[in-house]
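Labels A, B, C and D are assigned to the chains in the order they are written; within every chain, residues are numbered from 1.
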Amino acid sequence: MIEQLSVALLGANGRMGAEAVKAIDAAADLTLVAALGRNDSLESLVSSGAQIVVDLTVPESTEANVRFAVEHGMHAVVGTTGWDAGRLARLEELLADRPGVGVLIAPNFALGSVLASAFAAKASKYFESVEIIELHHPDKVDAPSGTAVRTAQLISAERTAAGVPSSPDATTTELEGARGSDVEGVRVHSVRLSGLVAHQEVLLGGPGEQLTIRHDSFDRASFMPGVLLGIRNVAAHPGLTVGLDGYLDLGL
Amino acid sequence: MIEQLSVALLGANGRMGAEAVKAIDAAADLTLVAALGRNDSLESLVSSGAQIVVDLTVPESTEANVRFAVEHGMHAVVGTTGWDAGRLARLEELLADRPGVGVLIAPNFALGSVLASAFAAKASKYFESVEIIELHHPDKVDAPSGTAVRTAQLISAERTAAGVPSSPDATTTELEGARGSDVEGVRVHSVRLSGLVAHQEVLLGGPGEQLTIRHDSFDRASFMPGVLLGIRNVAAHPGLTVGLDGYLDLGL
Amino acid sequence: MIEQLSVALLGANGRMGAEAVKAIDAAADLTLVAALGRNDSLESLVSSGAQIVVDLTVPESTEANVRFAVEHGMHAVVGTTGWDAGRLARLEELLADRPGVGVLIAPNFALGSVLASAFAAKASKYFESVEIIELHHPDKVDAPSGTAVRTAQLISAERTAAGVPSSPDATTTELEGARGSDVEGVRVHSVRLSGLVAHQEVLLGGPGEQLTIRHDSFDRASFMPGVLLGIRNVAAHPGLTVGLDGYLDLGL
Amino acid sequence: MIEQLSVALLGANGRMGAEAVKAIDAAADLTLVAALGRNDSLESLVSSGAQIVVDLTVPESTEANVRFAVEHGMHAVVGTTGWDAGRLARLEELLADRPGVGVLIAPNFALGSVLASAFAAKASKYFESVEIIELHHPDKVDAPSGTAVRTAQLISAERTAAGVPSSPDATTTELEGARGSDVEGVRVHSVRLSGLVAHQEVLLGGPGEQLTIRHDSFDRASFMPGVLLGIRNVAAHPGLTVGLDGYLDLGL
């Protein structure tokens, strides 16, 4: 018999939550012991015997949810946004008194996306040029995407630390906007196209060669392997971890 | 024995000219009867017996070269830029008196590039969204590229004629330049990357599908099949033809 | 007020049929007057006043459905497979007596896919090399895909007619299968990858350049623009048309 | 003043050697103190004062060249093939007596290619499916490429160690070769296309997402940043290092 982890899910009626119910049910080593919606009381978590709480709720309630879990000795895996510096500091303080409890806060559960950003940043100091193209459905209201901005920041930090100069660019005549936006010295281009979901391509170029790292998200299902990886590993990572890459084996 | 066409080349010492010498020499059905540089007299064209003159010179001399050829009953294939409306009008007038003579003026001899633009324009009225990404080496001084601007104009004309609305775009928060430049309603993004030469991608999207038409120019050699196609077909196209697509069989 | 076309749908309970119900309902110029499932009688079509019948049923019933429509003076748009030469011949015979009635039989309603195949075939005679990569989800049981085989056949026919030699290939040492399958002289490679739906890339190469024509189908919704285009145009195309490209304006 | 490293080049008249002469000359921190061709004596290395010897010769002479360098206390950077297990063992024995001397033997100096293979291997255990497409010019005689075989082996080792099952594949009807070659359980597809140089794409897929890692080599110049990185770092890596990745900072 496979050893079981008992999991409680908060936000079970949202779109991500519904996917997570399916994914946990399909995992042979996980048992879903509670699935709570907006109006359900957290108290039922205690009687459920959950070892791990997954929070896929809303920014307004995520902090209280996680505090409740930690105070009751349960680990937490959190996909909800809204964790600013103040919230993170308060959480770390709380965890200091609970040395065995682990919390993972992951702004992005798509394994491929997390890997793509990490690889692009690491490679960027070996190439003269780097630019980012992100492509999304036309209903998206912000450009560039948050993921592209974060990827550009990681790249910029890596290149600055290694003393790599800016990507060369001889442009003297530019139609407004042609060369994209500038995020900490990295050009980011945002395509909006009917039919697409969420895609990102990092282009790295040097004399006679190009390295391209592309990630495509076709579907919300792409977040589930990351959620499961978080559930299975949170107990082994006591304290606070921000970002799924903290659980990935990326040493090369 | 293969029937031979006699070809004279003007601008034989330039980079394109040097490629053309090699390409004509390698073609079993073409004989290079004259290869003139900057200071050579056009008079030698007459004694060379050339049937077709290829002009790969500079804007300053191309008009005089082509007039000389036409006046002496030779067809002309022209890759030099600088043919504005006035020059074209004067040439058409001259050709009116020489009904058997053909002239091809081609701003772009890369077959693949000409095909890509034609296909993209034709397809564009069947899709909700269309955007262009062009990618070049970082020494390029203008953005977007001339080819991208022409492709966007062809697409815009085709969509307008068919009554297709603008590509949908819900962007309300944009970092300056993120959404690229706007060429007659078509978004064009310009990437500059070390290692690249000249590349263009047209992305067309509709519900649940995407069509991508991409052209890569790796090398000046890519212009030669178009030059040879021009040489072989110019005699069969009397009068003035602008654009290599006029010689391509694109009826689908 | 927009003039309305009255449409009846056969196979309304299938997956394609359900999408079609939504697409017709959403179209301002179309009225769905009947939506029949497996056990419903065709007789109700007559009283519904349908001008156009859309058949998205099964190979076993499609011929009888289309004959019924034609005999009652209704146009038909057919997405069901199973129309072999014998069935087509019988249908043409029937249509000969009904000169005003149009039937469209389309094995593929994805506009982008139909365009991609047509463009690839037309371009293929201008390039030395051509290969096809098709990529699908790992549950697909046949390799290569039917669309890839048809695309290869179109390319082969076009190149043969133009006298273009085979793509060059110096391979002397090959691990079994590395160079893909051979469909009428065109190499076809089949990738099966979790996360994908249905994708095809035609690569065309010549000296110093490459033309790539790629189509991605992410979702069944991609067939609906083609279905609507068929409905709107079938009355203007009396007689039998096989293939959606017969309705597309592809003259370049 | 920039501190200088004194470099001697063996194989200076070959194609790679000629590129290396240019690259070393252009590097402000490197001085080329000797450039030897086939018939030149190694003795001149001693008088040249070279600290580092770069070997870009042929399999027949590389072992003797490297031994000579090590015996004279010079570091060596080696791009020549032909280093089998026996040669490597003899070299390690020699180096054991020369603890301060470093030797780098790199079968592939293209930084981007080395990074791409390392990233693909590391990512492969997080995805259900992985396949490789390699694309080369049509004069290549072997399929798949050596780089693709090595990449597949790295991926296979990583997945096996992590207990990841084979990529799913429901194919029951296959036209011979359609699914590519099988290298230790990884499917590898080889495209040969006029216009191309050397390209490789690793496709990784899971539920609803895809990660693509692509490397393009357009030109021999792409090897030079790797050669320079080797020269600059060999003194800091005493003993034998096989593979440029041993010098790259890939810890993520």
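Criterion: a contact is a pair of C-beta atoms (placed from the backbone, for glycine too) under 8 Å apart; a residue touches a chain by one contact, two chains touch by 3 or more.
Labels paired with UniProt names: A, B, C, D = 4-hydroxy-tetrahydrodipicolinate reductase.
Every value quoted in this text rests on a predicted model; they were computed, and no experiment measured them.
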Which chains, if any, touch subunit A and subunit D both? B, C
Most distant chain from subunit D by Cα centroid: C
How many Å are there between the centre of subunit A and the centre of subunit B, using C-alpha atoms for each centre? 46
As a quick test, compute the distance in whole Å between the mean CA positions of subunit A and subunit C. 39
Could you put a whole-Å number on the gap between the CA centroids of subunit B and subunit C? 33
Where subunit D touches two or more other chains at once, by residue number: 127, 195, 204, 206-210, 216, 218, 222
Under the stated contact criterion, what part of subunit C meets subunit D in this complex? 127-129, 131, 133, 135, 138-144, 167-183, 187-196, 203-210
Subunit D residues touching subunit A - in the complex, by the definition given at the top: 110-113, 115-116, 118-119, 122-123, 125-127, 204, 206-225, 245, 248-252
The answer for subunit B against subunit D in the complex is residues 195, 197, 216, 218, 222
